[in-house]
Structures are given as structure tokens and as C-alpha cells.
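Below: one structure, written as C-alpha cells.
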Amino acid sequence: MDIAALVQELQKKAPAAGVELTPTGVVIRRDDVPLVFGLLKGEFSFESLQCLTAVDRKGTIEVVYHVYSFTHRLMAVLKVVLAMDDLNVASVNGLWSSANWFEREVYDLFGVKFTGHPDLRRILNPEGWTEHPLRKDFKGAGVVLKPVK
Amino acid sequence: MFKIPLDFFQGVLSILKGFVVTGRSMFRKPVTIEYPLKKAVMTERFRGMADLRPEKCISCMQCVRICPTAALDLVSVMNPETKKKVLQSFCFNAELCCFCGLCQEVCPTKAIFLNAVYEVAYYKRSDVTSIDLMKPDKYAHVGELASGKGKK
Amino acid sequence: MKPFLMEIIWLVLKGIMALTFVAVSAMFLIWFERKVSARVQNRMGPMITGFHGALQSVADTVKLLLKENIVPTGADFVVWWLAPFFVAVPAIMVFVCMPFGPNAIVCDLNVGILFMCSVTSVSVLGIFMAGWGSSNKYSLLGGMRSAAQIISYEVPLLLSVLVVVMQAGTLSMQGIVHAQETGWFFLKPNLLLAFIIYIIAATAEVNRVPFDIPEAESELVAGYHTEYSGMKFAMFFVAEYTNFFIIAAIASTLFLGGWLGPVAPSPVWFLLKAYGIIFILMWVRWTLPRLRMDQMMSFAWKALTPLALLNVLVTGWLLVIKG
Amino acid sequence: MVTEELIVNMGPQHPSTHGVLYLELKLDGEIIVECRPNIGYLHRSIEKIAENRTLVQFVPFTDRLDYLASMNDNLGFCLAAEKLLQIEAPARAQYLRVIVAELNRIASHLLAISTFAQDLGAYATPLFFAMRDRQKVVQIFDELCGQRLTYNYIRIGGVAGDMTPEIARMIGEFVLYFRKMVNDYDELLTHNIIFKVRSKGIGIISKEFALDYAVTGPSLRASGFKWDVRKDEPYLVYDKFDFDVPVGANGDAWDRYYVRIQEMRESLRIIEQAMGAIPEGDPVAKVNKVFRPSGEVYMRTESPRGDLGFYIVGTGETFPYRLKIRAPSFSNIAALAPLIKGLNVSDAVCALGSLDIVMGEIDR
């Protein structure tokens, strides 16, 4: 099974969900996160959430899931695009326990709120801090290098 | 029914084997280098403190640009007659330096290099944050390590 | 001068000699331990102060004497302050009836071994006081573990001592040594078993690997003496190494013939045997991992104690047969 | 009698938390009722730094992630960058990379098993033995790249320095020496009865648990799940070598320890084969030093602690737009809290030690 076949299967199983294949990953709608990931875990035996992170695209934040299936030897890259003013997405902690700390990290560094997460606290930065350092608009102190021409 | 005595015997034997290992190592030569009294010779490629051969430097700024921690500060002026850059000052911030050796790699004239100095203790913080690489005796206080003898 | 006064002065002198011995022996043992561990680990150990670092312990003592004595906030001050003495004083008191030679003994009590065993047991009180008084959770856990451990291992220890007492027919230390003039005790099989049980139990008594659970560094930081500094810490340290010497000395007296031995003077033989046992125990320390609390307790109650009891029975039976 | 739970703050300064891990333990007697790991004491915002450095400049920072296996971090990052930039390193560099990565795996596993033994109370001796043997590896690296801990050896498009005959001789000697010495650890620890009763059956990670928590590396293989990126998604020239992937049976602390011992033996085999087959040539590809990454890549390699993933997003600038480091220790330590629930403190220390975490990698 390759990623294109997976997307086709997904579209067949969940026609309502907007699963769309792009060169850099499968983009899904935010509201379909529980449905699609439930299918991935349950139907397509993606046993493990290897990596969960986010990318600040200036205006939107992309949450990137790297889900791996040891059965199919297939890494699926799934992306959820969130608008900056509504950074909420359903937690996948119930499907993969590894999401717990990954989601805490993304919350800490990007401020994305994972609804349904049991323990959404800051993980790397001190509790009580209000900023989210990996956003592009964060200006921190420190050595700033000029880009190479 | 022999299981318990057998387990017991194996357990005692396993412990005795450990004693053989430690006992054997008692007769091995110590690997310690008594550091302040004897100093290890650094390897040829060892990356110690940054050092400069000022006469070779052409102020191309490559080292300053590649430095990941911005530890180098080079000031040069253009000579109006020869149209060549003349090195005015070259400061090295050892506090920021991560001893990665990228500067000596990009240097086209091998002017900047990392020497064998690894004893980098100073009395004043300002001594560490701005080491004037133009001065020939900048690492004199660490003795013969600075003269290049420290490396193989 | 009156003979009575002479005797008192002589006793005081002996006491001072014993005290000096305690301090010097502890310092020597600390250096010796560092050297043995260094050898085992292919290191050199202390090398700078004195010949091969022989004066390192002196330097350390001076350092510890000069250190500030930090009292933790919230400590139960009286208990905290008294604890090192409760540990150190019994360790020194034991030297009252330590037979270094036929005449080299401060006082040959007729209940010598009983006195020694009972006095050393007091130190558990000090350890528990230290753990309780420090108002530190790690110390408390260490103190509680220590109390449980020492009390459990006291049973097989005393039972194996009992075997010796039965064999020798006396409680006096010199009497036990004299009883071995025909042959050292550990050559008899039942006493060899008692010797092994004694060594294992005694290792647990002085909290050494594999029974160093009260001080388990990787779990409890430093156990009951986490909050002690300066001279108070030094007292724990000295007491620990003195106790270590004591168990080795008792073992050599009870099982290896004490000061008995040809050619060389008797104190030399005594120390040689004691330090031989100490060396082996150090070797053990630098080789073995540590047991867990429950494993150690079950080892004491399920293996050592029944074995020691059985040994007492067999010895009694043998003695009855021989008449 | 009223009893209450004792809250013990284990760390951030504690002898067995391997750095600055902070565990909030709720104890009932000595049994752990609840554990809350807190991390972040070593957070240096390396991912943010990466957004302000070129790819070449970022390589020294990867040294500081897993400081016990810097070569593997260098390798992981450079492979990811090369995949993104579509650069192929020359054959000699590929072999050199395999050799140094495996040497560093040995060095890292040595520290893992010895600090584990230290946690079990084997006082200092295994640690010093490991340091003695690790010194030989570090000496080789010192000759090869001039540093003992932060190597910055593997670069995008090759390696920093070629292997000399002197270094080849040292590696050959080390392989022979260590093949003999690894038996010492077997005799001193592996089959020691006290070591066994302490670590067998403690902190059992089952296959399902490991996959659920994305536990990787030796901790996953100890549960019997045969998964090794070097074997299953071969990178570099790993597919040319003959080596086994050791797996455990029960997934307990002892299995995790023993998998590491066996992996060191396998690494020796790989080094030997690679030394025999290393081709001549230039170890650095002729590439431009200014890279403009564009696109996205997720590349994972087998670091000594597990799957080390680098997720790089580039937008055509010289700086990467986003760089995420998927650190194996991060996932492994996330599994600690459920793992040590119900154990007592001694066993918790044992389970923690067997996971082999490096805080530099967790906090990044």
C-alpha cells in the first residue's frame, strides 16, 4: 500500500471527510480529525504516531502528524491547517498515547489547543508564560544572524 | 527437585565470576593521566581556541559569516590606493564559540585556525569575551600549548 | 602511688590509645578503600598529598573541620544534633574489649562479645534519629530502611555469634581467642557456615554493598546523612569506617583466631586478619550491585535466619555428642 | 491511624535522573502511586535557533542534542538535509559515516549500560570500565575530527576529514580489543544473580505499549518487536552489511540492557565489514556551501536511543523555515509515568535507568 492508495481508501471509507493528497502530505479538514485518525488506527492499522509537530505558515498554523504503520511499512504525513484566530483541534491522545507529550509540546511552542487532551500544560517552557516561542512573530532576545546573500 | 540447589549454585558462581573480572582488572595498568602534572598531547586535528595569522588574512569575512554563534568580530578598512581590504581588528568571543571549526574550514588562506589551547580559564569575564586575535601573545599565559607544540 | 590510682591512669592511657587507633584506622581505611577502588577500576586514586596520596584523609579531615555546619530549616534540632554522637560513640565504645594481643586489651569483660553486639546495635538509633531529625524525605526513607535492615540482620548475626560462644564456652573475647589455640574456628564446617553467615549479616549491619540500601545513592541521594555537613558528616563517616573495622576485627577474633599466629607479634596478626577481611569486603563492594529492600529482607528472614538457627541446633547436637 | 501520601520531588538534581529530569513522585510507603515527569530544564530552543541558521551552520547544534551520540545526530540531520537538497554523499563518505555512527553507538551504549548498573548500585566499577573502553572510541574521534564530545564531523555532502592509516589501525585495534572486553560486562553484570533479580521483570514494556507510546530503539526491540531503521528502511550503505537485530523476550529492564550489549557486538561486526570494504576516493562531495532548501522532508535514522527523526521545512530561503527534531528519548521518557506506576522507588530508578534517556535531546 502506498500513500495514494491510502488516500483513495480513506476517501472511499469517509466520503464526507475532505481528504486531499498534496505533494507534501495528506491535508485533512480540522473537523474530520477524530474520524480520519480513528480510521487510520482502526482500519488501516497505523499503530504508532511517530511525530506530531506544527509549522507556523504566517496566518495559519499547520499541525503535522507523522503516523507510521509497521504492518504496511508506510509513513503517512497528515496535515491540519488551523486559522490563527481559532487554534483548536481535537486531540488524538485517545488513539495514540504518544500524542500526549507531542501535543503538549505543540501547545507550548505554538499555542495550539488540543481539545480533549487530559493534561494540556506547558512542557518545555515555564508554566505561566504567555508567549509561544516557535511562532514566527515571536521576537526573542539573543544572537540574530543575518541571512547569507 | 534439584532446581533450587542448582539455582543457588549458579547464583554463587555468577557472583564469583564478577570477582574474577574485578580481580583481574586490579592487575591492569591504570589508564589515568595525572592531568595537571602530565598533559596529554592533542591530536593533529584538535580544535582548541581560535588563532590568527594576521599577515595571511584578506578580510574576506567568510569566517564571520559562517560562524554559527557569531563569535568572531572582524573590522577592516579599504585601502584606497591598492583597493584591498586591510585588517584592522579581529576579536574572538570565546564565550560564544562552540569550537565547531567551520571558520578554519572556509578560510581560503588558512589565516584563521584553531590551535591546541584547551586550558581556557581566565580571571576576568571580559578577557574571554573579547580576545584580540591580532596580538601575538594572546594565549601566552597557558604556556607552551599556545606555541603549537600541543598538537602532534 | 596507690595501685588503685595507677590502674585508673593505665586504663585512661589505654582508652586514649584505643581512641587514637579509631581515628587513625578510620582515616587509613578511607584511603585504603579509595586505593582499592582505584585499582579495581584501573585508576590511580589519590596521588598528590603524600606518598601515593597517603595524607589525603588528613587533608579531607582538615577540610571537613573547616566546613560550615549547615542546619537544615525545619530540622528537629536536638534529635538532629545528637544523632552523629549516637552513631559515633558506640563505635568507639566497642574498642573497650577489642583484643589486639594477649595483654593489649583495654578491659577484658567476661561478657565481652555480648557487650560488643549490644553496643553496636545502639547505632541504629542514631541513624534513625538522623533520618527523622533532618526533616528530609530521602533521609527519612534512608533512616527507616536502615532501622528495618539492621534489626533484621541482627538476628542471623547474633545466632552465628552464638555458635562460636557455644563452641568456646565463654563470652569473653580473650577466652574465645584462647579456645582457638588448638585450631582456628573457621576450619570446622559448622563454624565456617557461621563465619559466612556472620560476614553477610555484618556487611548488612554496616550498610555496605550489596546491602547499602539505606545509603542507596542512586535512589536516596545519600540516605540518612544527606543533610549533614562539616564535622557532623565526618562523624558519620568515621563511625561508618570504624564499624567496618569492628565487624572485620570481630570476625577475625571469633573465627580466624584473633591475635593467634606464629613468629610475628600478636597485634600484627590481629590487624592482618582484620584487614584481610576488610579487603575482601571492599572487593565485594566494588563488584556487586545492590539488592532491593524487600529482596534483602526476605534474604535475611527466609534464608539467613533459618540457616543460622539450624546451625545453632547442629552445633548444640555436635557438642552434646562429643560430651 | 491516619496515613497520607508522601510527595517526593526527585530531581532536577538527583543522582539517578540522568541530568535534569524532575519527577514528582507520590509515594504510598515506598510504592509509587503517581508520577509526574517534568522536563524543560535544559531547553535551549534549538528548534528556534535552527530557523535562524543555515543548514551548514546548524550541524554543530545537532552535536548538542544527544551529547553522548553526537555522530548519530550529525548523521540524522545531514541525511535529512541531503534528502531535501537531493545531494548524494560519495561512497567513501558513506562508509566513513557508517563506521563513526557504529563506533558512537558502542560508546553510547557503554554509557547506557554502565549508568544503568550504577543505578542498580554497582558502585562506579562498571561506569569506570565503560569510561575506559569509551575512551578508546573517543580517542579515535579525536584523531578523526579534533573533538571528543561535539564532533561536528558529518557534514552535508560528506564528512569533515578523511581517515588516515593511523586511524584505520586504531579502529582495527579497538574492534579486537572490545570484542574481548565486552565479555567482561557479561561476566560482571549480565548474568550476575543480584543484577538479574534486580532488573528482571521490572518496568515491562509490551509490544502494544511500545507502539502506543512510540517507544523506539533498544527499548522497543527488548519487547520482542524486530524493528531497526538500519534494517527496515536502510539508509547509507547499511543494506550491504550482514548484521542481526537483537530482540528481547519480555521487554523488562534486563532485556533492554541485554539488547544493548548484543547491539554492541553487532556494531563491531558492521565496523569490521565496513573497514574491509571501504572504497578509495574523496570523502566530500563537491557541493555549493550555500543551500536553499525548499520542500519538506522527514528522515529518520537509528540513533542509539531510537528513531531519530528530522522534519525540515524549507521555503527556498537559506534558513530552514521550520525544523523539528523528533528525539527518541522524548517519546521514551513520555512512557515513564505509566511504566513506573506501582513500583517502588528502587525499581523506578531501575526502569528509568534502563530507558537510557539523554536530557539534552528531550529538552532540545
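We call the chains A, B, C and D, going by the order they appear; numbering starts again at 1 in every chain.
As a working rule, contacts are C-beta pairs under 8 Å (C-beta built on N, C-alpha and C of every residue); 3 or more make two chains touch, one makes a residue touch a chain.
Bear in mind the structure is a predicted one, so any value in this text is a computation, not a measurement.
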Chain pair showing more contacts of the two, C-D and B-C: C-D
Centroid-based (C-alpha) most distant chain relative to subunit B: C
Centroid spacing, where centroids are CA-atom means, of subunit C and subunit D in whole angstrom: 43
Chain centre separation in whole Å, for subunit C relative to subunit B (CA means): 48
Rounded Å distance, subunit B centre to subunit D centre (Cα mean): 24
Gap in Å, rounded to a whole number, between the CA centres of subunit B and subunit A: 41
Of all residues in subunit D, the ones touching two or more other chains: 53, 57, 125, 129, 132, 188-189, 192, 194
Contacts with 2+ other chains: residues of subunit C: 40-43, 286-288
Per-residue overlap in subunit A, given as positions that touch at least 2 other chains: 145, 148
Complex contact set, residues of subunit D against subunit B: 53, 56-61, 63-64, 125, 129, 132, 135, 142-147, 150, 152, 160-161, 184, 187-189, 191-194, 196, 289
Residues of subunit C defined as touching subunit D within the complex: 37, 40-43, 137-138, 141, 209-210, 212-213, 216-221, 285-295
List of subunit B residues in touch with subunit D within their complex: 10-12, 14-15, 17-18, 20-22, 25, 31, 42-47, 66-68, 98-102, 105-106, 114
Footprint of subunit A on subunit D - complex, ascending: 39-40, 43, 45, 47-48, 52-54, 57, 211-214, 225, 227, 232-233, 290, 295-296, 298, 300, 307, 309, 311, 313, 317-319, 321-322, 324, 326, 330-331, 334-335, 338, 363-364
Residues of subunit A that touch subunit D when the two form their complex: 23-25, 47-51, 53, 55-56, 64, 66, 70, 73, 75, 77, 96-98, 100-101, 105, 109, 122-126, 133-134, 138, 140, 144-145, 147-148
